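Below you'll find a set of structures to go through.
Shared between the two complexes below is subunit A, which pairs with subunit B and subunit C, respectively.
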Partner chain A sequence: MKINTQKKAVGRIGSKVDGYALTWRLPVIFWQLLFFVGPLLFTIAMTFFLVKNYRMTEAFEMKNWVKMMGKGYFWDSYFLTIGLASLATVVASCLAFPAAYALAFKVSENTRRWAIFFLIIPFFTSYLVRTFSWYVILAESGVVNNVLGWVGLGPYTMLNTKFGTMVGYMTLTLPLVIILQTLPIANVDRRLVEAAQNLGANGFWTIVKVIIPSARVGLIIGAVFCFILSFGDFVSPYYLGGSKPPTLPIMIIDTTKSGQQWPRAAVVAVIMMVTLMVVAFASIKYAYRKKS
Partner chain B sequence: MTEKTDLLRRKFLKQSTIVSSVVAMPMILTTNKASADPVEINMLAWYGHGEPDVVSEFEARNNVKFKPKYYAGGDNMVALIAQSPPGTYDIILSDGEFVQQLNESGYIEQLNADDYPFDDFLYDDFTQFPGHWKDGKLFSAMVRFGHLGVSYNKNHVTAEEAMSYQCFWKPELAGKVGHFDWHLPSLGMMSLYNGNAKPGPFDIDGGAWDKVQETTMSLRPQVGGFFDYGGTFNSLKNGEMLAMCGIGDWITGVLEKDGAPVASVVPKEGGIQWTESYCIGKGSEKAGLVNQFIQYMLSPEGQVRSAEMAAYPGFCVTNGGVSALQAANMTEAQRTGQVEGAINNPIRLIEEGRIHYRDIPQRQSLEDWNDFWSEYKNA
Partner chain C sequence: MKATEEIMGDMHQEPQIVFENVVKYFGDVAAVQKMNLSIQKGEFIAIMGSSGCGKTTTLRMLAGMETPTEGEIRLNGERINELKPSERNTPMVWQSLALFPFLNVIENVEFGLKMRGIETGERRRRALEWLSRMEIEEFADRSIDQLSGGQRQRVALARALVTEPPVLLLDEPLSALDANLVVRMQGVLSRLQKELGITFVYVTHSQSEAFAMADRVVIMSKGVIEQIGTPQEVYRKPASQFVANFVGSNNILSGSLQSMDGSSVTIDTEIGLVQANLPVDRACLQGSHLGLVISADAMSLSVDDDSSNSSRTHINQTHADQPSDNQFRCRLISEEFVGAMVTLLVETDSGFELRIQLFQKELDQIGFSESASNNGTFLWVSWSRESVYILP
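This part shows the complex of A and B:
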């Protein structure tokens, strides 16, 4: 009898919680439907439209898909974009890890708070402005080459190269990846670290065997964010990479600029979305996989 | 008690009058202000045409305010108009080669030729510019133009070398040749380099088009990047690019005035002319004011404003404009060859047959040229 009463109470509380939760979820659901699902469906529909006299007309034709899929330069751009984004992910993750580790384990709580604040500050200014500021630093007559010139090196061409693109990607993603790595590393159970050290593990093996596996989810999420941002970035490959060769975001701009082929640009956009979803879901699945 | 009630009533009336006056004041002020508000004119143009250095005087004189929307490239302009309801744009600055298309699509109003100083135009062709007239009716008035050729860094390319597109292939310029990222000017130049001057660089048969592609591809190892206006400007300024294909004085002129060691020339193979013309948007309710503005831009003072435009300079189209420019800024007139007998005098270059109007491909589709441009960028 007592158990039944408890069950009923739990049931009532449960149903109340559901209603409350649903109310709070509705705005998010509504937002996502209106600004994500709706535009996404429209973008997919647009891939079948045609452009006549610079005006998009509704149709259901496969011409845009056939055209884009059949072009060698599309696939060159596709693999280049994946390659650059993957490289940016590896570089950002590797560069971020020592900084995140130091912030999580080697500095005081106060210092960590300040450091995170300073990592957020770059986001206060426009990414485009930050990118253009690299011109002054990376140009052949810029700061880096001038400094190298004092020791008899250079000048080196850094702008309008893949190196320039990578610098831009780091400008965009590195602070974020450091923050995303710091939080899970800081939450690693210190007792596990101590246990590893008591069992004779040195610093390197403690990181490899304890810290990285414990912070795996956060580290992967940081990497996924880096990949997503780099994969979709137009600014760095255009302004620091010289659009040479163009990545998919540049191809979207090119396609809309000449001939106003929005439907073909939509094909590129949909393929980018699908790629990002596959990468994101695969990564999340890997992050949350159960140990065998 | 009655006296107290009366006092309260009077106090209430007094206070409510004050409150309503305060509340109503902004509306009264707004109503008065509204009558003095300038008339808004919606402009569709390349960057710079709606900026104060060009329009402020006309705005002050006529109590109007330009509300510009800027585009980059003729097809971008056509698309913006196509996707907007009639009457959205009161005035449209079009590249010369796109006027015909605007007219055929019914996007622009007819103009009255008597309103403009055609008898003062520098060159006969400009009065009858291709596509601006149809069945004896005028639809657009040319207001400025410029020439595209070889743009170069004077410390690395000599003036003599710059007199041929061949300089782009100079070994010392490997990785230092930039492209303005629009296929028409660059491919037009490659076509001229291949000798397609007659009937014109954009009017070529299949064989010539194949050769243009081949020539362009051979330039690819020299190319350091593809840039928009800002990128072109910066890369020339900081010396990242030492030669630029697809532009002219409209960019180097701004840098040159700023002291950068850059210049543009029309090479011996010929150059390409960009042409900018004003049209009145179909359905505009401010056609009268817009017409006045076009007249202003064709007046000597308007022509000077156009020639000295901060965003990018252009040549005057009228004799009155050239004289006014010489009187106002002889240095600029001399720099741009807008003086009698100058070797780079724009009209002299046209008369020598070295200038070809920029156009869209005549025997291939725009898509074919654009596709090749994408392939070229990816090569």
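This part shows the complex of A and C:
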């Protein structure tokens, strides 16, 4: 018996790979390789392919990269997409904060649970359906313009504008950002809040000096999610923003449709991916930065 | 108008802090009941009690974190019930310290000044001044998690005192420190309070902390003040059985008055007849019920040396040659050594437990620790009639 356990222990230390743990990790590793790393590598490879007679052929040429990055309209679109996604991030974070603060600090725990449940409900329905419902609301003869008409305002053009795009982005991201903000704000140490008030901080300064710094990581993660979702969203800029000028996701669609230019679309996709990774890593790094 | 009020206040010599019939309910639960308490400027006052007695609620009402349900709290003669926490200058040193982890040491200390709109240069100067006063100026740019417990304590003190408040509130600030550091910080706090001459209101459950530092002690139980007095008063003359019990190292007996000869009385208690002196202002009838307190350090001890039948060896030198008024045979149950002091738990023949506190030195004198420390050993416990305190 004693010898047996000893042997086992030696075996464990001897072999570097723990078979038991590996068995449980294997599905995840397999999944990631198959559905993330694989397609990613293929997309990168595809950027070097060529299209001849509407048919994609394997090659290793820089042509697609040179062509796409040399085009002014690509960069216009790139900065437009970054600008819109950044604006959406700022707007969503600002709109979400008062709601999240109220849910975290001003209501009972029960109310908070219900509110979060109701914030999840929008995800039950298709985002596309929710986007189309904005048509009815935002159209020239829609609900908003009708109401404004009664007080002698409008009609305003809201569809096919950047405002429309923004409304769509909010539809996509706002519930999630509120949820992502509520949890860290609710976890802010109440003793720190009391300490700040005790030292003379009023409501405003308590939020600025204690609640936001305390919840910083969560707030940044909420913002990052908003940026990622908006940056890659095709539906809002296409249906509510009118697709002109196009954002990068629209450009990908356009590129594939016109002349089967999958390799060039792949260039756009890879550039988007790199951009998102840089933004995400920089944000997380900033969120967790050490104060000396 | 205000000026005249202030002058009036001065004329009446109103204490700095006054609780007048203060009641605080949380739902149906009364946390504080009809509290009346006056605290003079420059006093070091300790509020003591077990958890849930209302001591922390009292402190939080003073800081504005809780609003009294009834009654009035006045600071320098002005009603402060409705003032927000941020509108008072009653900084607190918290049990958790509540230092801001996202700010470094000096930024923590500057916080209160910043909230009062004091400009950067002045702010930094005053914060540094306090850091050097607390002997932690070298850590000014450190983050909080790089500090030891004692250093954090000092940061918390500096942060609270930098705004030069008229009163400092302390909510069990030393409870997280180890025993050595507690004694050191007690010294720091006492000295600081004397130097600054401001009022310290100190909430604690630790008798040693309260007795070591406070000018006056407030003992609370179930939201009611049981006694207010100097540590000596509370220790020697507890106002109630609760206080006698709470202050610890006391033996509490109860019984009926059996006979009376002038001021000297005999009381029939759980352990038998006890001789005591009745306070001069106290009138009692035969048979009336009395509570007795005999503090553990007022008792003396002798070894029951039946076998050799030699005379008993008294430990307590001062009482050695005078006959004891009260003497009981007891059986040793347990002993506990804390440094130089030894606490013995003994049982009388009637099965009542008594607590005796002696110096190790005194015990050594009769060779107690060698020969008689077996549990179950019989001992003689005695005390003078003067050391029996009769509860009011």
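Here is the rule we use: the second predicted complex is superposed on the first by the 268 of 292 C-alpha atoms of A that agree within 3 Å, B and C clash if a C-alpha of one lies under 4 Å from a C-alpha of the other, contacts with A are read in each partner's own complex, and residues count from 1 in each chain.
Basically, a residue touches a chain if its C-beta (ideal position, glycine included) is under 8 Å from a C-beta of that chain, and two chains touch if they have at least 3 such contacts.
Nothing here was measured: the structure is a model prediction, and the numbers come from that model.
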Original post:
With subunit A superposed, do subunit B and subunit C clash or fit?
Top reply: fit
Original post:
Touching A:72, do we find subunit B (first), subunit C (second), both, or neither?
Top reply: first
**OP:** Would you sort A:195 into first (subunit B), second (subunit C), both or neither based on which partner it touches?
**Re:** second
Subject >> subunit B versus subunit C as contact partner of A:157, first or second or both or neither >> reply: first
**OP:** Could you say whether A:209 touches subunit B, subunit C, both of them, or neither, answering first, second, both or neither?
**Re:** second
Subject >> subunit B or subunit C, by number of subunit A residues touched >> reply: B
**OP:** Please state, to the nearest 10 degrees, the angle that the Cα centres of subunit B and subunit C subtend at the Cα centre of subunit A after superposition.
**Re:** 160
**OP:** Please indicate which partner A:139 is in contact with in the superposed arrangement: first for subunit B, second for subunit C, both, or neither.
**Re:** first
**OP:** With both complexes overlaid on chain A, what's the closest CA-to-CA approach of subunit B to subunit C, in Å?
**Re:** 45
Original post:
Once the two structures are fitted together, what part of subunit A is touched by subunit B and by subunit C alike?
Top reply: none
Subject >> subunit A residues touching subunit C - in the complex, by the definition given at the top >> reply: 189, 191-192, 194-202, 205, 209-210, 213-214, 216, 290-292
Subject >> Interface residues, subunit B side, partner subunit A - complex >> reply: 72-73, 75-76, 78-79, 82-83, 105, 175, 178, 181-183, 223-228, 230-231, 234-235, 238-240, 366-367, 370-371, 373-375, 377-379
Original post:
In their complex, what parts of subunit C are in touch with subunit A?
Top reply: 63-65, 84-86, 89-92, 94, 96, 98-100, 102-104, 111-112, 115-116, 141, 143, 159-160, 163
Subject >> subunit A - residues contacting subunit B, complex >> reply: 53-56, 71-73, 76-77, 132, 135, 139-142, 157, 159-160, 238-239, 241-246, 251, 254, 257-260
